[in-house]
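Here the chain labels run A, B, C, D and E in written order, and each chain numbers its own residues starting at 1.
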Amino acid sequence: MKSWTYILLKRDLLIAFRRSATYITPLIFFLIVITFFPLALGPQEKLLSSLAPGVIWIAALLASLLAVETIFNEDFRDGTLDSFFISLEPTFILVFVKVFIHWLITGLPLLLASCVAALVLYLPFESVSAMILSLILGTFFMSLLGALGAALSLGKSAILSAVIVLPFSIPTLLMGTSVIASAINNQEYTGFLMIMGGMLAIGIPAICLLTVEALLLSYD
Amino acid sequence: MKSWTYILLKRDLLIAFRRSATYITPLIFFLIVITFFPLALGPQEKLLSSLAPGVIWIAALLASLLAVETIFNEDFRDGTLDSFFISLEPTFILVFVKVFIHWLITGLPLLLASCVAALVLYLPFESVSAMILSLILGTFFMSLLGALGAALSLGKSAILSAVIVLPFSIPTLLMGTSVIASAINNQEYTGFLMIMGGMLAIGIPAICLLTVEALLLSYD
Amino acid sequence: MGSPPLFYRWSSKALVWLGVSSIITLSLGLFMGIGLSPADYKQGDVYRIIYIHVPSAIMGESIFIFMALCGFINIIWRAKISGMLLKAAAPIGMSFVLLVLTTGSIWGKPTWGTWWVWDARLTSTLILFFIYAALIGLHSTIEDKIKADRAVSILAIVGVAIIPVIKKSVDWWQTLHQPSTFKLTSAPSMSPEMYQPLLICVIGFYLVFAFILTLNLRNEILERESSKKWVKEVIGNQS
Amino acid sequence: MSLRFSYVKLFGKIALSMLPYLKVENLSCFRSDKALFQDLKFDVLPGQNLEILGSNGSGKTTLLRILLGLLKPDAGSIFWLDDQQNYNNYRTFSCFYQGHQLAVKNLLTVAENIQMTKASKNIDIEAISKCISRVGLIDPHEYASNLSVGQRKRISIARWLLDFHKIYFIDEPFSALDDEATQLIQDLILDLNSKGSSFVITGHRSSGIEATHINI
Amino acid sequence: MSLRFSYVKLFGKIALSMLPYLKVENLSCFRSDKALFQDLKFDVLPGQNLEILGSNGSGKTTLLRILLGLLKPDAGSIFWLDDQQNYNNYRTFSCFYQGHQLAVKNLLTVAENIQMTKASKNIDIEAISKCISRVGLIDPHEYASNLSVGQRKRISIARWLLDFHKIYFIDEPFSALDDEATQLIQDLILDLNSKGSSFVITGHRSSGIEATHINI
């Protein structure tokens, strides 16, 4: 038995891969922001590597933001969203699936790109694994938040949803930066990762449910 | 006699101004992105003020990109774009009007916000006028480029959009940053401004015409 | 006060009381603070800005908590009035936060030597300001008011997480900003001559909030019920 | 094969007890103080159809969406009944909804658009190409963006056949279609009726299918 | 007033010389090697109508868009003629196009949606509210997002009346409309015909208005 969840997964992935801009734009944007810093600051290795955690994280946040804001738009306009709400699956699971696909498409490529960024910015090699772990958790959280923003501003301007989301992404930014910075200084960073994990653990059910509420708004 | 250009101008402005959020959100968005940098990179005044030109420009770039993306989407979907092509006015003028309105709504408020940004990033006071001049030219160019990208991604050739728009935004970014940086160091910056002006002078007719071509692509 | 017309009539009496009491309390507090209390031994008279700075900071935060509560009630029980309260409170809260930011900046120039520093409390307050702005922006984009209320309720519930961060920012991170002296659990470390007027000012600010909130709520009700007969009668009586 | 089988099984079950699928009592909906409809009362029995007629803006789409739980009514109750259980929740019930918007994705081909639909079982390529030819579409690998409006609608109609649904809610099934497609839909409805499915459809004038009519 | 006047003036002018507005010769269009239509040949005379009939996907919309210059034909030529000049360019000619998509903006009210349309003259509020009541819409200040599909279509129909157009190209004018609106459109077409405008419309079956028919 194929569930709607599975079909949704397959369909959205297919559509995303047909429209390659979906995953290429955030990637290129990420790299542009990254390359900008050596250009602006000059190529001093020391300075760059001390700034690297922050730079990588800012670029990652902005890139995932650029991508997430239209996550529900098309489904809303062409009536697919209706079938969410009359399906047997609980809607928040479908929302979760949408977010997950979205993260697969835009978040995952960023992980790859971030390795390149680490190289360019002279990030110490030992901290790369910390960076990847923090990015996995953080970009997923950003996708979740972005989905809530997109749902709240459904059919409205993209930039509005960004404004809704950005203030809430600051804790992620701080945590993510701290993880990499600690790793560089050989300090313990699992604490920060646990906090990020905790945010995700609370965030997944809470934000998915709130997103369902927000989507329902456009149905009244 | 009211021309279609005038009606278009009025209509798009009305749709935008119906909600104050349309012009306030890019402003807030810009400011939030600005606050990201001190948070992630550390609050040292010296570092920040040396990064300020680039940070302001990255934020401005992102804001105009985010805002312009959907400039033709709605008109395409609801059939308004058809009336562009069967109207008496030449289409590239209509495209120019769309871009201009768009810039009025999203680019102009950024100028205000950039003054606040200059304050909190400790940008030297003397360079503010240079910043504003460079932003005026640069954001308009970004709106133009973004419109081309938006037109390209209407059809199926969406990949082109990311690849075309982002690389071309790099010169703008570099020029804009150089203008402010030169102003900080009390160097001559009119040269850079002239280059930006030149890009705009060539860009307005050229990109508008290309955008018309790109729009026509989605008609075949 | 279930029905709007009833509330409207009842509130016009409340308005008078709120207006009078807030003016009295606030002027008493400010007079005691600015006129009577001694100058600070380190900062001199600049410190008196505290009597606006701190109460408005407290208001900015409590109004957000109030809004989150309203939002919660609005989502769970769909009580229309809670949505209107939320809408009416948002601009007041935002103005108070703006007041904190400006008074803080003004205070910062002489004491810290700069208008702005990127310290935890200041930044978190700025974020609170952004959240207020997002809330108001979102409300303005949804033309159906009831939907807008619910959208904003969701945002207020999520956003309330920032309040403990602001509160605790001075304890968690070492910052330039003054640590908390107001605590529920222990006696304040300020001298009573400074402390008492501050307390009165805080009460005065709460009363001002209640006053403006009632005003805003009345306008909101008139606007939303503008097609109803009682509203036309009310407006007719006034003009 | 398996498709056929499950139809028969379900139909057998239904034939035993003729509880209505859907029972509506005193349903009302107001928009800006004006009643769109008031005190509506009807049943939808297994295998029987309901046709909602009314002029533009009379509230047909609104009623359909209320029945599906996408909008809230201002008064009244909707019961989803089964031969075994008595639910108050449309979610547990198998419905199909086709609104004015057809949920056809431009970037998918005809076959993909049909395949990637909510369904309770595995759908093999053969079943899909059978559906496609049944609704008169020719090339299953054409992108939907290249199709005419009527052809897009046929995609949505092909989806009816993929799975057994107890009730089909179809908003204006006949608009934008030619005579051939109109005939096709009528045959399809008859066919699905005989398998125990019911249709709730809207329209501006009676379409000629066998149905209870309500005017709103 | 001035609206009426210009109609009369133009009509007078047209009556003198009965050159066709539009002359089509040997028009063909192929899609993936299959001809949608081939060697079409027709004229559209002032005040006379053309009805393009065909089944779903037969190419009616495509033909309309080719006539308007939105798509390029694979062969054949289209002449836009006037009593004085002979143009090859549709741009200089006054046409009105209503496609499947109606160009109705959700964020504008009914009145604004009508007002903010391409038009050659100043349109006063009175003219607009006359149009609105003529097509049977009630509240001019309702946002279009709150309207039903049929009501949105009526907005587009109200736009016909704002300005004089030589040819109206209307894609499926009658779909998604109730009987009242259908009657209304027929009356409108008759009315505008008498003022010298022509209609090119599409449909799946003959609509009963007086017109030359072509089947594709």
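Throughout what follows, contacts are C-beta pairs under 8 Å (C-beta built on N, C-alpha and C of every residue); 3 or more make two chains touch, one makes a residue touch a chain.
Model, not experiment: these values are computed from the prediction.
Hopping across touching chains, the smallest step count from subunit A to subunit C is 1. Simply put, of B-E and B-C, more C-beta pairs touch at B-E.
Subunit D and subunit E have centres, each the mean of its CA atoms, that are 33 Å apart.
For the pair subunit B and subunit D, the distance between mean C-alpha positions equals 46 Å.
For this pair, subunit A with subunit B, the centres built from the Cα atoms lie 24 Å apart. Subunit B and subunit C have Cα centroids separated by 36 Å. Counting partner chains per residue, subunit D has residues 100, 107 touching two or more of them. Within subunit B, the positions touching two or more other chains are listed as 19, 21-22, 25, 28, 32, 35, 39, 77, 156. Along subunit C, residues 127, 130, 133-134, 137-138, 141 each make contact with two or more other chains. For subunit A in complex with subunit B, the residues that touch the partner chain are 18-22, 24-25, 28-29, 32-33, 36-37, 39-41, 51, 53-55, 57-58, 61-62, 66, 69-70, 77, 156-160, 162-163, 166-167, 170, 173-174, 177. Within the complex, the subunit E residues that touch subunit D are 31, 54-57, 59-61, 100, 136, 146-151, 153-154, 172, 175-181, 204-205.
Contact residues of subunit E toward subunit B in the complex are 65, 68-72, 90-92, 95, 97, 99-105, 107-108, 112, 116-123.
Note for the complex: subunit C touches subunit B at residues 114-119, 123, 126-127, 130, 133-134, 137-138, 140-141. Residues 148, 152-153, 156-157, 160, 163-164, 166-168, 170-171, 207, 210, 213-214, 217-218, 220 of subunit A are the ones touching subunit C in the complex.
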